[in-house]
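Shared between the two complexes below is subunit A, which pairs with subunit B and subunit C, respectively.
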Partner chain A sequence: MDNTVKRLLERLVRRIPSRMLKTTLDKWSRLTATQRQSIDYTESKWALTEKLLAICEVFMLVSPWFHTDVIENPNLGMWYAFQLMDPQDDAHSVELTQFKEQFKSHLSELIRHVSIKIKKHTDEAVWIRIAWGDTFSRPNHLKPTYVVHYLQTPYVFLSSLTSKQKPLLSQALVLSTRYQAIKDANLSGRKLTAIRDLLMKQYLQVFPTKFPSPLAERNRVVSNLHIEKEQAGSAANRHQMACEAFGDGLLPQLQSAVYKLETKFRDHTNKTMTERDEAFRCVVKFASTNLLESLRHSASSGVASTPVTPLLSSVPLKGKNYFVITDNGPGPSSQMKPSQK
Partner chain B sequence: ICFSVVRTPTDSIVAQRRSKNKSYRQSYRSCLGAASRLGHTPGWTVRRLNTSRRTKSHNITEKVNPEHLALLVKTEWQLSYVTPLYQFRHTQLRSYSRQLSAFITAEKQQGLAVEVEGTQTSFRVSFSVVQGLGETDDDAETVLVQIHSKPVFAGKDEAQKLVWSGWLTCINGNPEYLHSLPKDFTCLPLFGSRGAENLTSLVKSWFQQTFDCCFGPLEINQTCQQWLAALWTNCHIESSIQHLKMIWTLPVEPPLQITYTVNPQDAWELWNSVRTPLLERREEEEETARSIDIEEVTRFMQGLMSHFYRHFRLDLSAGRLSQVSSALGSAKFSGRIKMSNSRYVLTTLSLLTECALLKMPI
Partner chain C sequence: MCALSSGVLSHLSLLEVKARSRKTQLQQQSRVMELKAKVEALKTQREQLKAQIQTHQVWGLMVVEANFCADEEEENMDEESENSNLLQLMARHTQLKDLLHAHHLIGGYDIIKTRKGKGACVSIATAYENVFLDTFNLEIDLKPTVKISRHNIPPFIPLNNLAEQNNMQTDLRVFLDTLSQHLNAFVGRKQQLKLVKEKHKSIEVMESNVLCSLLVLLLTVPREKTAVLCTLDYTDHTRCLPTRVHLESEDKQLPDSPQWKKNCTLLMETPVHKALITMKKMGSIV
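Up next is the complex of A and B:
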């Protein structure tokens, strides 16, 4: 068996946690029942891999692993969100078979050696696995690109794409989805489900109500009754505004947000800097295991002043986590006076 | 050549040397006793960092052994403070090397019932003096400790590699304090180490046993980090800092980390704008050698934080400054320091020596 294929198999088996190995291999339809039974799961992974290699001498391994490898574990590596722009008239009626045919044919026209596998997942997501080759070499299955697209939405999520491959993939996507362009949505993260939920607003949103009533806080820690009484009103207010900005309940797990600030320095105590014409250039990065929850807690605990600044609330609102802020665009000079109480 | 230069106080106090078996607390309490018996409580009632610092950069490449210097600047060090060492002699370094080497080998062999041939790692320890680092005569000379060893399964001809290094230093130590120490005590309050944790604890144990001293962790607190940020920014014209990066940790659930990186030119202009204007230019003081005051540092940090607040309405002072860094080095709250440019080693070590002296429980 080909060396690359052997390496691929070893690598894939290594990535599957030992406890999931049996279930994963059971799902693999290429192994017959007898073959499956012959695998001894008490052996070490290394011995198991050797066994599998022996069984699979003749088979091409790529397509079945596609399912178990990435679809089950969509949190390996970074995902980047893109948005398709300017739909043509028939963009909204593109359905699966048409998309599959068109995408495969367009991409194969653009690049000679490429291996494309398309699969529709249960949650309406279309998964595409692309192994890139070139004029001289066969597709490299060890470094595939994954694309996830939700049909009838303009959203596409990409993982592991080089700058050389990007224009080719963009072209193929645009043509097969019947849009005219594709742009960076400025949203990235390790968890595909998180950035998907954020972009498509699939989390619990809270809208301002005419008669605000304090949202019941979970895990209320009552430290001192007098303090509680004093602070109850403003605490409830902060909590309400924090939830309005970021959502309630479990929030999509975003890891970071980056702001590139190119605004002028303005401080009435510092005349020299305020009179400067040039922007004060800096980059601010917020990072956390769950950024949105951290920001929400900052607002409800008072660390961040409420109402929450548009810069922070733009993360869930616009579904973005990379921003360039200038004095003309979204920035402090164009911040509106808070309209909510 | 190098002696521990500690002036003996006018009343000679005999510091009772406790036996080696007694605990360290007793030995530094004896030092405390000595200091108070002298009637000196030298400036320690005002236990704060100096409010003003000289910013002169020092070209020490001529004065210091290049190998030593290279070792100092290329890596990150973990800091501790050390209480004064009793009867430490700069002339005995060779003997200390042998002693420490034997100590480490003995400790590593503990628990082995039978001496197994060939699987032992042999450790070679070398103590050396880093000449040229000190600024004043009161500072004891810096001592460098290096441990080389052969990996366990190395071939016969493989050379020994440097597996651990550490240094003890005192740069611009408070002269009143240094003079108040009883005879026979050498003050090298700042300890930096790099290498395996088990070797670090062995080295510390040996020092504690041999010189009746005490080690403790040295954090680089917020004020100290802010000083470094200002000192580095001040040097931007001389040596580009490339960026000024500050990392805060906010106490929310889950914890939020904020990394604030400022363009070096803009940072420098902000710094320049908060400097107290010189009323008259003194002839000997060049622009780059002016002193920096704590008020200037505070104004600088406040400027940075207010720019941040204007955009995010988030008060950074609610959190803790956990790291500052630039091309000239980095400093972390956990006590890790990196000095990447040899010109500013002395300034940085001065600041850290002060921190160590303040942190010491005397």
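Up next is the complex of A and C:
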């Protein structure tokens, strides 16, 4: 077993948290029952890794493909969402085998040394793991790119992709999914499930209805009955508007929203800034452990004014967390180039 | 001497502080009383204003009613026709509202006005086999053009295509009917897949997709334990039944046997979870 493979296995095992090690190895179908039983989980991780390597050396069963539970470890890094554009007529009937064959053949044509593994997860997600090499070197399994795609949807999620690899991957994806182009969806986050749920609308959205269901009991400590009596109406109103803008219940966990401003400085008390000819450039970044919950709470508590400004509500509405705001209008909705919807 | 004077001086300064604080306390107390009085005054003013608003509203209604009655008595032709038009419109409005409510009760979509008539929100309920399933919503801007502003319809339902093809601008009802068809069919297929997974554990689902437009099942024939791969294509996304059933087996004769030809027809005409029950009863599969 060569050194790169050995190092890869060591690194992979090291990445798995100790408490998840047993469950992960149980799910890895390459080990037999006796082998699994022979692993003593009370040993140190180093000792365990050595043991595992020994088992694998004997049977030469090392495959860099681990169960997706390992892959969905949030410490994998940042995930970026992309959107496929302009489907061709047969885009809706692309099925798995066809997609797999097409993708593998297109990408192999574009780059000589590449290792592609495609697997379908139980939730209909197609996972692609790509190890890139070049004309002179073998595929590097230590820095693979992961691609997740749901067939019949226009969204693709990518992780760990360099700018050199991007055009090759884009080409292969576009051709195998039968679309005509792919563009950046301007949405990124550490948790794949969060950005996926946001784009596929898999969280609880609130709409105005004729028979509004009562919002769940919120056990608030009432400090002053008079204040409560006066403020109850407007508080409920703010809560309703905040939920309509962002959603109810658990919201997908986004970590940041970035607004890049290229506008004119408008404060007339500051002459030096207003008299400049060039546009005023500024980047505003909101960061939080759960950005959408923070924004919803700031709207329902009154910190952010309601109705919620389109600048903030565009995050869940458009499924984006990167906006460029120029002077053509009051909100991000008017800045979108016609091709971006 | 010093100790005594410092004692006296400190005592004096204490008294001074006490006197001052008593003054501010008094001031504070009087200030509190002032504010309380102001609160009472404002509350009374608010009650008065509320009462005024109510009176105006009632007065407005009374004026309209009075006009109706007065005009009926005067038998003025123009005003009567205007009022009868108004009454007709009001009757039609009530009729439409009742119709919409009935539509909602039988499981169709429901629509309400939002933002003072500038928008509407449509709730499309879906059901399969007499069970209500998911509800989908669409918020629509009505002015300046009819446009969808927000929705929770999954991305594999071609919403924009349907809007274009069905002329959402001119015929909202046709668009909503088609959308409702697509959504109900999707939910129906999804439910069938769920039931197959729950009730038929001996049958393995080899492939499915998010739109539930393709289903590949691995069936086993009893006794010989031959495997049969059954592919169901649901190319018509407005239907819950497949448009094509394809059978493949290691036993090449099997798909052409009369029993399996019947099974093929059964799968085309009956929802898959029910068809599988029948096939099990007939002994075609385990």
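Simple rule for what comes next: the second predicted complex is superposed on the first by the 293 of 341 C-alpha atoms of A that agree within 3 Å, B and C clash if a C-alpha of one lies under 4 Å from a C-alpha of the other, contacts with A are read in each partner's own complex, and residues count from 1 in each chain.
The working rule: a contact is a pair of C-beta atoms (placed from the backbone, for glycine too) under 8 Å apart; a residue touches a chain by one contact, two chains touch by 3 or more.
Here the structure is a predicted model, which means the values were calculated and not measured.
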item: Subunit A as common anchor, with subunit B and subunit C clashing or fitting; value: fit
item: Touching partner for A:325 - first (subunit B), second (subunit C), both, neither; value: first
item: Touched partner set for A:301, first subunit B, second subunit C, both or neither; value: first
item: Residue contacts on subunit A - larger count, subunit B or subunit C; value: B
item: Which superposed partner A:27 touches (first subunit B, second subunit C, both, neither); value: neither
item: Which of subunit B and subunit C A:15 touches, first, second, both or neither; value: neither
item: Contacts of A:284 with subunit B and subunit C, given as first, second, both or neither; value: first
item: First (subunit B), second (subunit C), both or neither touched by A:7; value: neither
item: Touched partner set for A:93, first subunit B, second subunit C, both or neither; value: second
item: Which superposed partner A:121 touches (first subunit B, second subunit C, both, neither); value: neither
item: Closest approach of subunit C to subunit B (Cα atoms, Å); value: 13
item: Interfacial residue positions of subunit C with respect to subunit A in the complex; value: 110, 112, 114, 121, 123, 137, 139, 150-156, 158, 207-211, 213-214, 235
item: Interfacial residue positions of subunit A with respect to subunit B in the complex; value: 259, 261, 263, 265-267, 270, 272-273, 276, 278-291, 293-295, 297-298, 301, 303-305, 308-309, 311-312, 325, 331-332
item: Subunit A-touching residues of subunit B, taken from the complex the two chains share; value: 250-263, 266, 269-270, 272-274, 303, 306-308, 310-315, 318-319
item: Subunit C-touching residues of subunit A, taken from the complex the two chains share; value: 92-93, 95-96, 120, 124, 150-155, 199-201, 205, 207-210, 317
